[in-house]
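These notes are about the structure you will find just below.
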Amino acid sequence: MTGVLERRAEGSAGPTPPVTMAGALNAALADSLAADDRVVVFGEDVGVLGGVFRVTDGLARRFGENRVFDTPLAESAIVGTAIGMAMNGLVPVVEMQFDAFAYPAFEQVVSHLAKMRNRTRGSVQLPIVIRIPYGGGIGGVEHHSDSSEAYYTATPGLRVVTPGTPADAYRLLRQAISCPDPVVFLEPKRRYWAKETTSLSVDGPGIDRAVIRRSGRDVTLITYGGTVATALDTAEAAGGEGWDVEVVDLRSLAPFDDATVTESVRRTGRAVVVHEAPSFGGYGAEVVARLTEQCFHHLEAPILRVAGFDIPYPPPKLEQHHLPSVDRILDAIARLQWDDRPEVGRA
Amino acid sequence: MTTAVPPAVAGLLPTANPVGLIAPDGTRTGCDDPSLPDVDILRELYRGMVVGRRLDAQCTALTKQGRLAVYPSSRGQEACEVGAVLALRDQDWLFPTYRDSVAVLQRGVDPVEALSLLRGDWHCGYDPYRHRVAPQCTPLATNALHAVGLACAAVLKGEDTVALVLLGDGATSEGDTSEALNVAGVRRAPVVFLVQNNGYAISVPLAKQTAAPALAYRGVGYGLPSVLVDGNDAAAVHAVVRAAVDRAATGGGPTLIEALTYRVEPHTNADDAGRYRDEAEVAYWLQRDPIVRLGAYLRTTGALDPAAQAAIEAEAEAAAADLRARTAEDAPLDVDDLFAFVYADAPPTLLAQRALLHAELADGEAGG
Amino acid sequence: MTGVLERRAEGSAGPTPPVTMAGALNAALADSLAADDRVVVFGEDVGVLGGVFRVTDGLARRFGENRVFDTPLAESAIVGTAIGMAMNGLVPVVEMQFDAFAYPAFEQVVSHLAKMRNRTRGSVQLPIVIRIPYGGGIGGVEHHSDSSEAYYTATPGLRVVTPGTPADAYRLLRQAISCPDPVVFLEPKRRYWAKETTSLSVDGPGIDRAVIRRSGRDVTLITYGGTVATALDTAEAAGGEGWDVEVVDLRSLAPFDDATVTESVRRTGRAVVVHEAPSFGGYGAEVVARLTEQCFHHLEAPILRVAGFDIPYPPPKLEQHHLPSVDRILDAIARLQWDDRPEVGRA
Amino acid sequence: MTTAVPPAVAGLLPTANPVGLIAPDGTRTGCDDPSLPDVDILRELYRGMVVGRRLDAQCTALTKQGRLAVYPSSRGQEACEVGAVLALRDQDWLFPTYRDSVAVLQRGVDPVEALSLLRGDWHCGYDPYRHRVAPQCTPLATNALHAVGLACAAVLKGEDTVALVLLGDGATSEGDTSEALNVAGVRRAPVVFLVQNNGYAISVPLAKQTAAPALAYRGVGYGLPSVLVDGNDAAAVHAVVRAAVDRAATGGGPTLIEALTYRVEPHTNADDAGRYRDEAEVAYWLQRDPIVRLGAYLRTTGALDPAAQAAIEAEAEAAAADLRARTAEDAPLDVDDLFAFVYADAPPTLLAQRALLHAELADGEAGG
């Protein structure tokens, strides 16, 4: 990543092939720090160490201790002080080391970060980004693999976004940093080292837009973050079964891009929502509920969910059973009542 | 028996007895460090406390008339509310709690705007930037971290701004208070923590809240110099807060101040303090009233003549009358405000929900 | 409430008409304390004051300071010490004063309370009840009216229950206290003073069962807690419009009683989920998603949600616009595509 | 300069210099309060440290072979790990963190069971009730509250049980630590807080963690007597923990102990300590090694002859060999465990999910 950083001219967005997601995030932080004096980056071990995932590698050296710094070990303090700093005109980008370790900050997030603009009728805005490495698949021991998006998406006033690709990681993080709303920025840990040959650019779909990653006619897979790649793999495999699968990468979990997603689902008439958080009360429920309401008469089958089991995240040696797999998603597609499929009445 | 401690530690410990400049009977104590504020300031403190108490009483009265949803009175705590705020400079920030309406008013916020929260109109009725007063904070101790963050940002930006945060004794038990003290210490943030130890957190007395010899002893463990002060002595509160603000402003870092005071009224108008405390205790504290005390001192020293006293009382009555008049009517509320400030730009779902509500209201009008 | 307490013989469950929900909860605590030495009740102001809602009124006096006591003001400490106490054989029943003030305890709830049994393969069980007054409708200023059920129902390992009536408040709380799992017990604030003439008894539907509060043929209203009464009022009013409305009171939000609810929805073919928490990412989404999946071919229309807006809870003078009202629920029922209703093919 | 403090406060402050009984060079210090533990205990401490260090090294080796998912070494902290645990009685409880595997083993937990977490097999591989050892805790500082709760329950039940909780220096910045100190103080809970100040929280040195003169000064603000001890002196750690346990057991309430030690290895095998600290610093601390020091003292005083030394080393080797052998094979894992312990009785949804997984596995077997 230091490499990525050093190869790039400040603020430029030229091609840097191939880049990992961690590298893209690092570049986004560097470019934001360079572009806007108000941006500060802080958290546990983000300074000289460069973060446990090295996403902030080299930033303290390049931008100095006043812009990029380590904090005492206290997540509520990290978010709480970020709020105070934002009240005083800064744009804090803070890191929670792993997503289970964001829970101590929950009160600050829910009672203040999400509500301050509303509380003050717009006087006080908090353009804060909370970066949270989320999800499993990296062999992490307990507390290192939670998917906590449902807690944040259920909280009005927060934006919740997550990238599925390196290019999007760069774009979304830069958009998040310049967004006037507080943004919970979920980084899919197991994609940190995924590489993409791409040019990093802030241009492209906006922070609140879903994108169709792959077009297909028969069924829409709706997913985000760590399972975008799984969904794309599934789409490939499904070709063999004769299904032409469309993959929607939500990017913005909250607010939800109804226009893009309903268009797809109305077109295909079938959909599966995929995420690795537990199914029960998970974010996928909202996706199913709102799409069913908006697309009911276009649906050939109920929208299914392929999600983690309704259990605490398992230990490393059992996690492969818990995570949505290509096979499990294919099984769900197969359950979409293809036999009954009426050939009439489809949009 | 006494024990010797190293100087680095000793400099962080409070004095064994609270700092006091004017005794409960209005006489000057022997203490000269800090020195007594100028007589002009003492008069301002007195004026602020008299007006503040009158408005506080008016607010309690407004709850009885249903004009306020709820009111947590700070009666008896005026020395803290007024003394601390008068120690701030224009460029400084105040981070008050729900109880600190008098402090907010002292800072210059319009009473009707300040009371929006407690009227049930909107969560925060004033623009925090106008007088540099954060919204009155309800989740206990969370405001301490906001104050530290704001102060840290001032340092990073090279601005001379000090943040004063008000906390209750109960709030000191929350983790956020400790985290705030610690971060402030590490970053030498220009912040002043003023704990108004009023003896109770709703019904819970201090003895059930902590086993500390005094809350001011919490500072040393986070590297903060700490002060214990008589919280019913406006002169003393003003002097120690002022000293802390000066120190913070000149790079000396944060200070923790514990002010010993008393909540004379119940927790709020809805509380029944008779369930958990004696009248005798209240009576004891009424003897230590901050206004009576400073008034006596000023009169004895010839700094407050009957005319001046009458003028202050008239000002207080006028302020109360104005508040009464301006809260007699319900403020018009705009339902669109429900949706307008959740995000910088309302997303489509919120616009749809707003439209739904509009349709319902139109239906309601058409129907009824 | 003291009255209720004193009229009742210890442990007995005779008739005590009429009783408020707060009174019923008080009786449940008293009877549990009397029945089981391991039960301890603690929290902020629950001792001599009897709690800000007086639910623990008289208990400290009757059972002594070792059984019922005030704590320092620290919610994480309340839950964290409850966990330690339960490890040592006690059955803590703790109170969070208002539900926004439970957020400081979130890490202890999510990372320990919900996971300890699983973590230790069943060795350590935590039979803890966390009582949380929830919801609005009482004219509370900011932070006093949150509905936070979605945070808890999205957390595997927790039971989440909420009573809609005084009789159920007694029954569910006693069941929660004797349940070996941790239970988040949500008390609908605005029903605290609702009276019912009933006999208090622990017998009846189990802790994990939904009940049909009112039978009907045309549409199922699915709700819980503070909006059960609203749903029943709606059912009455709907009679005038010619709709025969069934009302299901979920009681147990997690786990979900699929058997009872799917039976109802398959029978009526139409359903509306009602709660006062925001719609987006709210608990209702799970209800819609799972029922749609299980009842798809019985549905005449998509299952709709009537919920709070996707906004922070409003100030007192605006809350009536936010809370689900009879009219708003009737409007939703009207949107269930009655005109298209095919008379064939219904179960 | 020194300052006098009131006795109620002085009794809560640590000594200015850390308590030490045996100096880094193995000679006896002048300190006699607390007194030096009996020679039998000193030999046990030595034996425990040697075996502990050998197992710790074995664990690090196992990460290289892919037999452990991750391992946070406590090399250099053995005086704390072993000294504290040997001060506990059978009826007492230990609340360790992820770093405290050596303490857990010293308490008698089977190494293979103890390492389940770090092997990636199951979150907690031992029955906490068997040896009264809570699961090794990862969310920092949360275990402090569990210890306080367990200790409070013991008092309520009239049982003589003390809870010892281990915390890192970084963990003291979390609100939960402060809340735990405060509640323990108020309830006079029989709990001992042992902070292993090993200089770092991953990459963050103590100076960025707190501005406190020492972490032990945190006690006074919560009413806890506090001790600063040389954390590389097993005799001293044992003595002060033992005294604290005795006091707690006899109704004297909680104690906060800060042990000054050093994390010789990186944070975990996955960490790169070269990014944030000098070799010179490590070298300095290697001179203060807890095992070398106690060994020298024992040999000089004739309490450890070459035969005894050899026996201990052989025991350590045997323990390591046993661990190696028993972790050479993957333990069989049961997928049903995923669903069996979430609730006392698995609800229907979980049974359905289990059935789905079974079907998939059967398919996989049939297919592959």
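When the chains are written out, they are named A, B, C and D in that same order, and each has its own residue count from 1.
Definition applied: contacts are C-beta pairs under 8 Å (C-beta built on N, C-alpha and C of every residue); 3 or more make two chains touch, one makes a residue touch a chain.
From a predicted model like this one, the values you see are computed outputs, not experimental measurements.
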* Longest centre-to-centre distance from chain C, chain (CA-based) -> D
* Across the interfaces B-C and A-B, which one involves more C-beta pairs in contact? -> A-B
* To do: Report, in whole Å, the distance between the mean C-alpha point of chain A and the mean C-alpha point of chain D.
  => 37
* Please compute the C-alpha centroid of chain B, do the same for chain D, then give the distance between them in whole Å. => 43
* Asked: Could you state the distance in Å from the CA-based centre of chain A to that of chain B?
  -> 41
* Would you please write down the residue numbers of chain C that are in contact with two or more other chains? => 71-72, 74, 76-77, 100, 103-104, 107, 111, 115, 118-119, 142-143, 156-157, 256, 280, 310-312
* Structure fact -> Check: chain B positions touching at least 2 other chains come out as 122-123, 139, 173-176, 179, 182, 186, 208-210, 337, 342, 349
* Complex contacts: residues of chain B adjacent to chain D -> 1-10, 12-13, 16, 173-179, 182, 185-186, 188, 208-213, 215, 217-224
* Footprint of chain A on chain C - complex, ascending -> 76, 100, 103-104, 106-107, 110-111, 114-115, 118-119, 142-143, 150-151, 153-157, 254, 256, 277-278, 280-286, 288-290, 292-293, 296, 299, 301-305, 310-312
* To do: Under the touch definition given earlier, write down the residues of chain B that touch chain C in their complex.
  => 69-70, 98, 117-123, 138-140, 170-171, 173-176, 201-204, 208-210, 275-276, 330, 333, 335, 337-339, 342, 349-350, 353, 357, 360, 364
* Structure fact -> The answer for chain A against chain D in the complex is residues 44-45, 47-50, 52, 70-77, 100-101, 103-104, 139-144, 280, 309-312, 314-318, 321-322, 327-328, 331
* Considering the complex alone, what residue numbers of chain C touch chain D? -> 40, 66, 71-72, 74, 76-77, 79-90, 104, 107-108, 111-112, 115-125, 156-157, 159, 179-181, 208, 255-256, 258-259
